[in-house]
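Going by the order they are written in, the chains are A, B and C; count residues from 1 in each one.
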């Protein structure tokens, strides 16, 4: 034991602060929140009473639905558009530097600011409606943020804009890691561009795709600022619902329960993903 | 055949142009509104191009005295979050990167799992505890809270950075008689510097932009994002645009200047395991 | 070996120093917003939630006279009413109350009393001047004890876009029927609803629901009496003709929608005049005192009240300051400089000309203003009203059935 310590004391000293911090400021609060969600606020008894109360509220059920749907929409948008942009940026063309800078632009825009900017665009008298009006597509303004499926698409679009740089960068890194010899071999064999995309790019990009999906899914499930600013309570999401319970009603237990449900959603998503989509893929086998 | 190629090229550039247009428009709109006169924006048909410049809103924001305290708090918190996360994470990540693969994988994955719980859920007990410790509304409290989110993030980048440094390099230095800490300082850190710099920058940015914890932990002293949020919820139509621009400008400059260092690999390596 | 340890220690020390430096920054007080006072004078810390112009008047016209009279320095901080409970609680738990006097939104009082954060001011009841409008006093009473003193009354007025109304030959509605008619006309002519109701499903909506229910002679705390049913039936009928931006209209966003002509009619607190008319230059936005329901006119009495946090270090001075704020001269200054309606019946300030019509609308609306009841289960009331509104208008549920359901929820909450 002593020898072990002597050999690894440096590693211990290095890792200890991080471990303590994560334990004290992340694991402990998380367990506290989960713990709290199982306690009845009035009687103090343990059980599922908070959850029962929550699932009776139509708004809460709706917020779960919204969160899940917006995640699916966003992942679809980001996967296709992100891969497309990344493949475009991999080509050599004039003005590539400028295009790359512009694509990276949203990275430098705080989420909150993105929300403010998008209010101006998606507002009823906003710029999107004006554009559509000028182009003659619409006569009366479209209400993008007043609830329903349209709001979900608005949120999904807004968030996709904000995170697109990250997605593109990850895809670019993935594309660059594919050796160009494989493509050359493919073209010698007479593969068309589409074929080489289908049979070379996609399979080799699979680990990247998995990673991007997981990274993004975790973030989208927890989406908070944009719905708070853009759609308000008319379209509740799990995170905004939890916030409202805390701030507006001082109902800590319900807020904690909503957070826990969100966690369960994420874990469930991961499970389903690995079970049915990425069967023991790159991420899962811990190579 | 040739014309087909040209068409393809035109289509390609059109696509690129469209993408650029989409990415840049929101930022343009924001600038535009912060400089416009009310008649151009507050109508049923707002104009796209700037025809009339006014610096009135900027003037108001700069003179109101509500800009400097939040700006100062944001700067301090972001800087100290960056510094303390480096102090905690650099040695830890170095150590983690030298562990055997299986253990490393578990650690990286569990760091990822800590990010699965919603911020609002962590902020809730944290705010209760900070209330007891009298840390609400303080810079220290906010730095501590920001570290919660930033540590896993910075570790992701740093572990993969240290990983790419071959162990041989270290061994060579050790054989020359250097101690481990000395090796770390004189051999490893210089090689890892670009990765550390990128992670530091991203941490600073994230903290500068952070909203959720600030919302839970601030009452009367605010960070810049919070200040914007309060303007958004107070209806200062033009002020919110001006504040937003102020918040975005340093970040935009930083991103654009440093963009060639921002690469996907840094985020990627950790997962490849 | 020793050297390595020393280095490790150095790193740890660095960390400590950084933390220390942070603690130093953290403990700095929020910057004072008032000028400097004389040396040796005592300190009075006041918290209010005001806009820029309102702060300017406080600093230039209200505070200095008091500071001079009592040789005291006033330090003012801005704390939003929604944050007040958390802020006071944290100070109380730390055993360090730093605020002597708060001006708090009268919609957010129950929480403060519940948590025992404010002093019982019953013994100072006589201090309230007899000229204070009597209906303002019960707002600060909980279980017969007086926790808050009146400061300023407030009430929502209804804004309308005169140009657009004239364009279609319409007049601002004075009854529910006219309101429905106006709403239908706009929707017909422009293809979109132009009437804004505050529909954010939070405290904003609660205020409007209170007004509709009371206008029909109902009691919002009962929720399934005849008046309430009438009110919700009407709202269900009106809903399709509302501007869809209603769902995002709180006391802030409604200004934006009125200013950019997304909506032509909507109610908001009088501060909106500064935003819509003065800042945005929309001089065609006029206001009136609102419409009456089938039974009566009714508005919700809002505004700020004054309270003293438990453990306030300078309680005596705070009491004096309350007395000063309620004096005739201060109330008159508030009327003439800010256009705030006065809580005294004898304060006749002269309002600026452009503000006059709006001020008159406020005064008229105040005549029918009723305070909200101070009940301990307020959060349940708020939730029940909003959920009922959502179920009936948005989801199209049956009125009576829905209200019965929420009535029983309220009854349950009452028993707790």
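As a convention for this text, a residue touches a chain if its C-beta (ideal position, glycine included) is under 8 Å from a C-beta of that chain, and two chains touch if they have at least 3 such contacts.
As the structure is a prediction and not an experimental result, all values here were calculated from the model.
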Farthest-lying chain, centroid of Cα atoms versus that of chain A: C
Of A-B and B-C, whichever chain pair has more C-beta contact pairs: A-B
Between chain C and chain B, distance of the C-alpha-averaged centres to the nearest whole Å: 35
Where chain A and chain B are represented by their mean Cα positions, the distance between them in whole Å: 16
Sequence positions of chain A contacting 2 or more other chains: 10, 13, 17, 125, 141
Shared-contact residues (touching 2 or more other chains) in chain B: 43-44, 46, 88, 91, 180-181, 232
Numbers and ranges of chain C residues touching at least 2 other chains: 4, 8, 15, 250, 256, 260-262
Interface residues, chain B side, partner chain A - complex: 12-13, 15-16, 19-20, 22-27, 29-30, 33, 43-46, 48, 88-89, 91-92, 94-96, 98-99, 101-102, 105-106, 111-112, 114-122, 124-126, 128-129, 144-145, 147-148, 151-152, 155, 180-181, 205, 208-209, 211-212, 215, 225, 228-229, 232, 240-241, 244-245, 247-248, 251-256, 259, 262-265, 267-268, 271-273
Contact footprint of chain C on chain A as seen in their complex: 10, 13, 17, 42, 57-59, 123-125, 139-141, 143, 145-147, 231-234, 244, 247-251
Chain C contact footprint on chain B (complex, rising order): 38-39, 41-44, 46, 64-66, 69, 76, 80, 83-84, 87-88, 91, 127, 131-132, 134-141, 143, 179-181, 219-221, 230, 232-238
Parts of chain C lying in touch with chain B, wherever the complex brings them together: 3-4, 7-8, 11, 14-15, 18-19, 21-23, 25-27, 30-31, 33, 47, 51-52, 77-80, 83, 86-87, 89-90, 93-94, 96, 250, 252-253, 255-256, 259-262, 272, 275, 279-282
Parts of chain A lying in touch with chain B, wherever the complex brings them together: 10-11, 13-15, 17-19, 21-22, 25-30, 32-33, 36, 85, 88, 91, 93, 95, 98-121, 125-127, 130-131, 133, 141, 161, 164, 166, 169-174, 207-208, 211, 215, 218, 221-222, 224-225, 229, 238-239, 242-243, 246, 252, 255-256, 259-260, 262-263, 266-267, 282-283, 286-287
